[in-house]
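Dropping the structures in below, format is structure tokens.
Same chain, two partners: chain A is paired with chain B first, then with chain C.
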Partner chain A sequence: MMKKEKNTGRKKRTAVLQRLVLGMTAGLLAGIFSGCTVREGDSSTYQTGEESSTKTFVFGDTTFNAENGEADINPRHDNGGWACIRYGVGETLFRFTDQMEIEPWLARSYENTDELTWKITLRDGITFTSGRNMDGEAVKECLEALVSEHDRAAGDLHIAEITAEGMTLTIRTEIPVPTLINALADPYACICDVRAGVTEDGIVQGTGPYRAVSLTPDTSLELVKNEDYWNGEPKLDEITVRTITDGDTLTMALQSGEIDAAYGIPYLSYPLFENDGYTFTGCATSRVFFGAMNFESGITGDPAVRKAIAMGIDKEGFVEGLLDGNGYAATGVYPDSFAFGGDAVTAEGYDPDGAAQVLEDAGWTDEDGDGLREKDGTPLVLRWLTYPSRQELPLLAEAAQAMLGEIGFRVEIINTADHNRLRSDSSAWDIYVSAMVTAPTGDPEYFFTYHCLDSSDSNDGHYHSDRLEELAEEMARTFDVQRREELAVEMQQTILDDNAYVFCSHLRMSMIAKAGVTGLTAHPCDYYEITVDLDYE
Partner chain B sequence: MRKLRRTRKQRRMRMQRLAVFSVLAGLLLLTALFAEQLCPYDPYMQDYGSVLSAPSPAHPFGTDRFGRDMLSRVIAGARTSIFSTLVLVGIISVSGTAAGVLCAYFGKWTDAVVMRIADVCLAFPGLVFALAVSAVLGGGTGTAVIALAAVSWPKYARLARSRTLEIMSSDYLAAARLAGDAPGQMIVRHILPNIAGQILVTAVLDMGTMMMELSALSFLGLGARIPTAEWGSMMSGGRSMLQTYPWVVLAPGSAIFVTVAVFNLFGDALRDCLEP
Partner chain C sequence: MKRYIIRRLLSLIPVLFGITFLSFALMHAAGSDAVLQSMDASGITLSREVIDARRAELGLDRPFLVQYFSWLGGVLTGDMGVSYVSGRDVFSTFISKLPATFLLAGASILLTVVISLPLGILSAVRQNRFTDWLIRGCSFVGNSLPNFFTALLLIYLLAICIPVFPVISEGIGVRSAFLPALTLATAMSSRYLMQVRTAVLDELGKDYVAGERARGIRFSATLWKSVLRSCMTSLFTLLALSVGSLLGGTAVVESVFLWDGVGKLAVDAVNMRDYPVVQAYVVWTALVYTAVNLITDISYHFLDPRIRLEGGRR
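== the complex of A and B ==
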């Protein structure tokens, strides 16, 4: 009897417990589902409400960030012009064709009346997104603001005076500037309404197919359709450009459908998208991965060491093995697509034994047999400064570490986002390896002006060549295109003969989009991404 | 009688477990010691002809993006990872214990100063503090060890201090003091032998945690330097390949998992035997 009561008691307790557990589970599930329903309901209302009227698109990019000088889309601020032109906010007076030839864009035509005077006729019927009409006066104001605020532009354009008359603009330069029209196609020369000003976020009013409405640096940029666009009707209503600096995060965002297209997906993730769900667009660009030698250093100051480095790097192996064919081995500054690029010049070929011999002959020997060469007690340690935001650079560093290690170097890699500060201290590095667009204006002069001359901003390794200075001077006053090309070849050969720079590979730029995205096409100058043609079915 | 038999049986089982795990831990240490001899290929040799090849008889763990053999790199990584963990645990257990015993024995201002320093170290989340220390000192396995040692010693100091205080109030220590033992003798003869077991168990159990933290620092780029084979940095280098070439991450990941599990189980078994 007692036992039975005990059993009944236990059963009751179990039953209560069971009910409690069941009840709690049911409550929990109900809560979860009601949450879901609410959310689903919300989003469906949102979608049905929006679907009929709003067409949205999300673009992910690894390079739209302050580290790259793209904190905002103000073309007069650092590299902001790149973001301004890439995301369809701004346009330039002239643009590049797929063959990198110059053609009018916001301008209708130009005339070079004498060495110092350029007459540009503007296209009619274009308005800024601020509502103002784009006329000679507006362009004049924009260019004047540009040269007063942007050092590089001022150095390229050498503008003495601009006069505006209706739709005609006359630019007079201080010195002959053969590349003026090319420079006006550089992203910094995006034409914006200066009177409308720049917002606190760095938003400007351009003439492009989309108008920027909000911007959070290193996070996102919101764009809306420019209803009054002059060159066709933009097909999307809203675009979000999201900064996703980490390539793996970008990959997952595209996989999950969070973004519709991406720039900067790591090569190793390409197999994930090589199927019907996605489309690729890619082309060769003039972006080169190259190392600049430090002439102040006891290591790379030695011509034999520089020669050995140039001979010791297997460029083909790097491109085929590590970039999986997503690049082209480089000889000189410019890729094959330029008349003055590719094989127009010669550089040291890959020859590890030859490199070892060069070092041996110069007195860099391995006395103690530890694999590291020394000369007068100085070990052959090469400090390789590079940065991580371009995925190829750390790979190149690690590959070169092994390649040069075999011929007796010890390569110490300094891979840091802080490279811009470090490179100005010439005691901190021996070779600075970076990625640069070498012909942003389709013309060869830019690379030398910015990297190799005594007056160059980026000549951090303090390279100097009398011959190069002479040739650069001649190029600066040469209008004849063919002569400029000859000079470009001769100048490249000069720096290659000095082994002042070693050019490893050119970039193949690719964008990946969901199937159904149309009008997204990679361009060799890497400027035009979001255009009036972009659409998503 | 039955109870006695059961206790004996339990003890035998404990001893067996201890034997099994000490053999496994021993094997791992031997692998680390003879890494150079065991590697089938040079772990640093790049071969662009066989980049990212899948596991095969020639490369049982596959190859990485530089064409380096993963098996060789995992074995070479054992040396870096296990030895640096041993050094780290050695440093923190010895220095922590010394600090704790001295604090308890001498008390007064020694105790106050050392324990307040320990409190400061414990006031920060471990890994975050280690990140800061190793960011200041610069990368490298050595600095990662120093960084983690700086945040991990207080645990041993506190343990050793409380155990010493307990022993200090015991009769046998009072007897030793009456017999005229010098402080050094008392510490070495009476205190240390009594706390050694507990410190040893804690140290062995800490192997796993410390290995994970060292790997975490390397994963974040503050530990081992490129191209040193180290499990954490190997995983970091391969994380973009998780979906496409998983073996590049799985090989070092499994190595960390197995090693940490073995040391933890070994520590458990050791505790069961020493403190039944």
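== the complex of A and C ==
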């Protein structure tokens, strides 16, 4: 009797629990599925035929955010010009060819009448998306606003006066600026209708194939076709640019079909897209991962040590092994897409035995057999200063630590976000390794001006070469493009012969798109992504 | 009770002063600033003149204490400043992120309760049986998974393999909130269901449960009316702490799901040394925790009248 009651009680408890759990589970599932209604078009952003006549496209990008100075698409605000030109809203007077040579774009031609005067003739028949005609006066207003609001542009252009007459623009500079035309191809020089103003969200009216209609910083940009575009008919009706800062999320958004193309997919995710369903487009950019030697240091002040470092780093191995082929081993400052880049110069090749011999000959020997070389009681310790915000830099530091360790160095890595303060203290490091764009306007002078000369703000290693100073002076007054290229080669060779810098790899810029996407092509300058040619078949 | 509430609110003043000063000092101690961080991000080298001009424009060339008290003075007059990075008003930027944060916090708490309460009770009642071991095993796994991994796993399962939810947020809505909320709820439920189990087991072992059973009261009635009510105080404490943490933002989950909340805003601001935004976040977090703790303390009194608030008459 007792046993029967006990069993009955247990059954009742079980029944209560079952009801309880079932109730809760049902509630949970109801909650889930009430939010599970799949909306039409979710699986594909492309709608055709009977469903809709609107052709839409979604582009995912890791870089369109305030952190990169792209809080909006206003070219006069920080790096907003990059977003303006990349997403097809703005265009510049001149642009870069695939070989990084300058060609007219909104301009028809230009003439350098004297060292201080440039006469630019504009194309006819171009209108801003505001409806206003793009004439000399409109361009003048835009450039005047640019130099008054954008400090970097003002420093590059040195504009003293602009005069407009019909479709002709005359620019007079304060000093000779041989790179003026290059600077006018920089994204900050996107030509916008200043009278139309800038909306609260940072939207401007340009001349590009698409018109921005809404912008939410760090989230998205909505574009519609510019019906009056001057250079062909844009193929897509609407484009959404989504800011997706997390690389894994970007990967899965492309896999799920929520986006049609992506910029910034992590290297490790590339194999997921190496099939017929997707297409890749990529090329080398002038963003280079390089080390600057500290000439104040007792270690890298020694030419033999610098030479050994240059010979001891396996650039190919770094690119193929650690970057999984997603980069290009560098020789000099510029990639081979530039006329004065790639193999136009020579640098020390990877030769660990030769590097060891160089050190041995210079008196850096390992007397106690502990693997670390010494000279006059000083151990061969190399303080490698770098920073973590570029994923390749810590990898390069670790690779160098292993490679140089093989030839008798001990590499101490200082990987810190506070590198800008540390690098100004020449007693704190021996080699400073960073990632910089070496030719943002396609011209070679920029890199040397900022990094290698006595007057350079970023020459923290205090490198000096009489020959380089002479060449730089000549370049500063040389307008002839051919001669500038020759000087660029000679200047690179000078710093490479001194082993003052070691250039490890150039960034490979890649975009991945669904197989039906056409007209999306990577460009060495990294400025042109959404163009009039972009389509989805 | 009024005196108690006023005293608690007044205690917020030194707390706010202390933590804002501390966070400001830590940001400075970390080195770099918004101008240099921006230069690193773009990879374009700026001239010293441009750097100096930008720093002067943002007031970063002034001494640390001057910068702090300038910010404090602004806050006391209702001006939280302008973001160094986006150039937008900090207060309105912050306010614009709050609806997403509140929705995600609410949905996560709801899912956590829905998951952890029944499973915790079931685990307690079926103590040391297969069901109990299974639930505890799942709890262990759920507790061990980092949020970003759970997030990626859920996206893979429910947005790619079975495409019922979007990978990227479609705006502030229930559908977009479900996966991030489930991610957060997975971790929280894994902890809470064990707390629920322990609390229920404690109560089930007490004499009054045996007494009710002896008097023939149905087990379900005991469970719902006595046991669960007794467990409420400890559960409420846990949930209150979670609310504070969720309203403070969940940067990793927000980043993965592109959820436009305050957590991601704060982490981005720290990375870019955007002091005004970081300070706004610090003030917000202090207010949230103070408010949540105060509400929790007051709620104890109603959940269990035996608990008296500090300063109350016995």
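To be clear about the criterion, the second predicted complex is superposed on the first by the 327 of 537 C-alpha atoms of A that agree within 3 Å, B and C clash if a C-alpha of one lies under 4 Å from a C-alpha of the other, contacts with A are read in each partner's own complex, and residues count from 1 in each chain.
Just so we're on the same page, a contact is a pair of C-beta atoms (placed from the backbone, for glycine too) under 8 Å apart; a residue touches a chain by one contact, two chains touch by 3 or more.
Quick caveat: nothing in here was measured; it's all calculated off a predicted structure.
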**Report entry** First (chain B), second (chain C), both or neither touched by A:Arg477
**Finding:** neither
Query raised in the report: Is A:Asp248 contacted by the first partner chain B, the second partner chain C, both or neither?
Result: both
Query raised in the report: Taking the superposition as given, does A:Ile413 touch the first partner, chain B, the second, chain C, both, or neither?
Result: first
Query - First (chain B), second (chain C), both or neither touched by A:Asn68 - result: second
Requested in this report: In the overlay, work out which of chain B or chain C sits against more residues of chain A.
Outcome: C
**Report entry** Overlap of the chain B and chain C footprints on chain A, listed as residue numbers
**Finding:** 248
Query - Contact set on chain A toward chain C in their complex - result: 9, 12-13, 16-17, 20-21, 23-25, 27-28, 31-32, 34-38, 42-43, 60, 65-69, 71, 77-79, 151-152, 155, 217-219, 242-246, 248-249, 252-253, 255-256, 258-259, 287, 387, 389-390, 416-421, 435-437, 440, 446, 450-451, 457-458
Query - In the complex, chain B residues that touch chain A - result: 44-46, 48-49, 51-52, 65-67, 225-227, 239-241, 243-245
**Report entry** Residue ranges of chain A touching chain B (in the complex, touch as defined)
**Finding:** 247-248, 251, 266, 268-269, 271-272, 314, 317-318, 320-322, 394-395, 397-399, 401-403, 405, 413, 415
Query raised in the report: For the complex, which residues does chain C have touching chain A?
Result: 30-32, 36-51, 53-54, 83, 85-88, 111, 114-115, 117-119, 121-122, 125-126, 152, 155-156, 159-160, 163-168, 174-175, 178, 218-220, 223, 255-258, 260, 268, 271-272
